[in-house]
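Notes to accompany the following structure.
As written, the chain order gives the labels A, B and C, with residue 1 at the start of each chain.
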Amino acid sequence: MITRERLVEITLVLLLAAVPIAAQLLNEPFYLTLATRVAILGLAAVGLNIALGLGGLVSFGHAAFFGVGGYVAGVLAIHAFNGTPMLLGLPGTKLMPFIWIVAILVSGLVALGIGALTLRTSGVYFIMITLAFAQMIYYFAISWPAYGGEDGLSFYVRNGFPGVDTLKPLPFLLICYALLALGLILFQVLRKSRFGAALQGARQNEVRVAATGISPYRIRLVAFVIWAMITGVAGALYADLNRFVSPAMLSWHMSGELIVLIVLGGVGRRFGPVVGAGLYVLLEYWLGGITERWQLFLGLMLLGVVLFARGGLIGLLAGKPRHG
Amino acid sequence: MSSALLVEQLLNGLQLGVMLYLMAAGLTLIFGVMGLINLAHGSLYMVGAFACAAVAAWTGSFFLALIGALIAAAAAGALMEILVIRRLYGRDHLDQVLATFALILVFSEATRWLFGPFPLYLDIPAILQGTVPLPGGSRYQIYRLAIIGVGIAVAIGLYLLISRTRLGMRIRAGESDREMIAALGVDIRTLYTVVFALGAGLAGLAGAMIGPLQSVQVGMGEPVLILAFVVIVIGGIGSNRGALIGAILVGVVDTMGRALLPGVLSGLLGPSAAATTGSSLASMLIYLVMVVILVFRPRGLFPAGS
Amino acid sequence: MADPVLSVTGLSRSFGALKATDEVTLDLRPGEIHALIGPNGAGKSTLINLISGALSPDAGSVHLGGMDVTRLGVSARARLGLGRTYQISSLFPEFSALRNVMLAVQARQGSSFRFFLPVMADASLRDPALSLLDRVGLAARAHVIAAELSHGERRQLELAMALALSPRLLLLDEPMAGMGPEGSKAMTALLAQLGHALPILLVEHDMDAVFALADRISVLVYGRIIATGSVEEIRRDPEVRRAYLGDAA
């Protein structure tokens, strides 16, 4: 039997697939950029959905990983462009697959350090400390002049992918779609795995998990690192979309936006991040076209969702989640 | 570095610390009594600064403006509590974070709407203009000394309020046992609104006082809010004493780090490398202090209830 | 006589001036159900927490299967085979009954860092979990969310989860609490079935259940054990009648 949630998901996939066709027919290439933004923000939110949706980890510092991924893309591209070696004499690269791997490694390592310290705490402490760590990296990016400091870092040519012309919007959009699909599959696989069971168990009843002999700390640390890796890849794509990285990608507003996305869509729902990203980008585009003050209305809407419609849009459309 | 400059930087650090204390005291009080994390506390700081600038422009008196700022921020806080925050007490932290993040968006855009996109400037009141000599021959702004004085007065006042008055007794009861205080017949809704408005007033006071030292603009509260979080993490959540000591520690370490690190490093790295490394390192210094404290004292220097 | 699986010697713990546990000595032998009874405030909860490792004693020792575990914490004692249920049900409310037990089986197997195989397709989790549910009489409710189970069913589920850890003994904290007469009867039958394969230390208020199940009974009053013996001995003991059974007997 097809559940309502499955119906919403199918509709969404069809909508996303329809965007490039509509862009072609209406001769509106900007739609492709919008869809690319949805895919990239959606991918970042998928990472968050693992930590927040499955693990219940409320953080306010994940922009750190988004920005680290972005800076990896930017720094590698600049060094490849200028032909200058980087740290330890390694060369830069303009190949996306390499950039993604480096982004995964670097953001994973940063997350391992931050997570090892912050996951010793919980609740409000965890929120404040993750925020503080992200802010530390933010200030570091601002005050370190080698890569643009406060002004950020521009690179003029989008990084490449073997056999694909990434400079055209459509192929780049398809790359982002593919990575989003991979992210969604990974989320689903993790959710159903032993690891996912332990992670969700730790959210529902931490004491009970500990009493059965599973360490919630280690489970959460691994979830934190996986989350950062996915977010790092999304950050690298985001840098490539804009051909620009700046400390703004590391700022706490970015962390806030990503949480907002996922809550608009539906926390813990498989497609929640994508629905939320779509909604957010549309709001930004439409409301932003009508009024400069669109963030005021976003704020009011968000208040409404938090106070009165806690399941997000998927919750409204598809009802309560099914467990089992 | 001369000793005069050192004293000056120490005072600057103290002044920053006092500002952070005014923010952190409200945050930690609100957390202690209501169990709520309020990201929009920085918006109340901004409300204080804008109200101060507006009243000062209207009346020409900084002191009236200061009172106006206190009232405006406390009123904004009370309104915020009654309309939104009140619905969040029983909710999980995610809801609290989201709703108060939404409040930041609303406050920031509404302020931009009301006051326009350009920063406002405030003058130091005539009576507090000028400088006093410091030992070692340099001079120090009276206004900054006044801020330090106000901060110390507030710290003492808050201590007396919490330890000596009936309201303070209810606050302490609320911190230790929420059901108990309701059972005692205290009107808990009013108590919460009063506590929230008190915290908001302190944030507004901080914003108003900082107005003459920097520009008054949208978004000014957020860096201070995050520093206040660092203060609370260091000091221990829910502790007034921890907030005071954490704030001064953060203020002094941050200011001294920025002043001293480039000089210290220039012996090692040469002047130009030292300037960039020093300033990058200085901007991260308090976070590193926080990490060290976190490793050894995961619940802060003065965990509440100990 | 076989060596006891659990022995508690001279265990004491005070809170301020209150001696919540006062030189308690008791043991649990293989294959027996040993009931611990006592009026409210007698110190049963403290004693349970001392045995499970949630509290540490001021004096005395706890041995599990001859090994001194006095200094070990809850999870270490759990790994050494001390299974327990809680006075208030402690489950994973969003998971089905089956997944609750599967997570406990998974913990027992010590393999939570597997990221790819879906648990529901994993026979090494599913089969033992299903047979445990069957053993506690919950097989028909395997796919119901824990939050939607009745009170009695949750206690049965707790028991299945405790059993999933393959314990050497069970510490049951008021398994009949809050159950109606029907539920109590069913749980009593279930425990009677389990009891002689697996030793049980049973803390319980329901005297019918205690008298039906227990091989031995210890009576705790004001933190001290005032008597230990068979059901008949305890029924006849004048001190017990005076201190505890009172007009109920």
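By definition in this document, contacts are C-beta pairs under 8 Å (C-beta built on N, C-alpha and C of every residue); 3 or more make two chains touch, one makes a residue touch a chain.
The shown structure was predicted, so the numbers you read here are calculated from the model rather than taken from an experiment.
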Central subunit by CA centre of mass proxy: A
Greatest separation from chain B - chain, by CA centre: C
Centre-of-Cα separation between chain C and chain B, whole angstrom: 51
Centre-of-Cα separation between chain C and chain A, whole angstrom: 45
Length of the line joining the C-alpha centres of chain A and chain B, rounded to whole Å: 31
Of all residues in chain C, those that touch chain A in their complex: 74-75, 78-79, 84, 90-96, 99, 102-104, 106-108, 110-120, 122, 125, 143, 145, 161, 165
Residues of chain A that touch chain C when the two form their complex: 189-190, 192-198, 200-201, 204-205, 207-214, 219, 222, 323-324
Complex contacts: residues of chain B adjacent to chain A: 31, 37, 39, 84, 87, 92-95, 97-99, 101-106, 108-110, 112-113, 222, 226, 229-230, 232-233, 237, 276, 279-280, 282-284, 287-288, 290-291, 294-295, 298-299
Residue numbers on chain A that touch chain B, as the complex places them: 52, 58, 60, 117, 120-121, 123-125, 127-129, 131-133, 135-136, 139-140, 142-146, 252, 256, 259-260, 263, 267, 293, 295-296, 298-300, 302-303, 306-307, 310
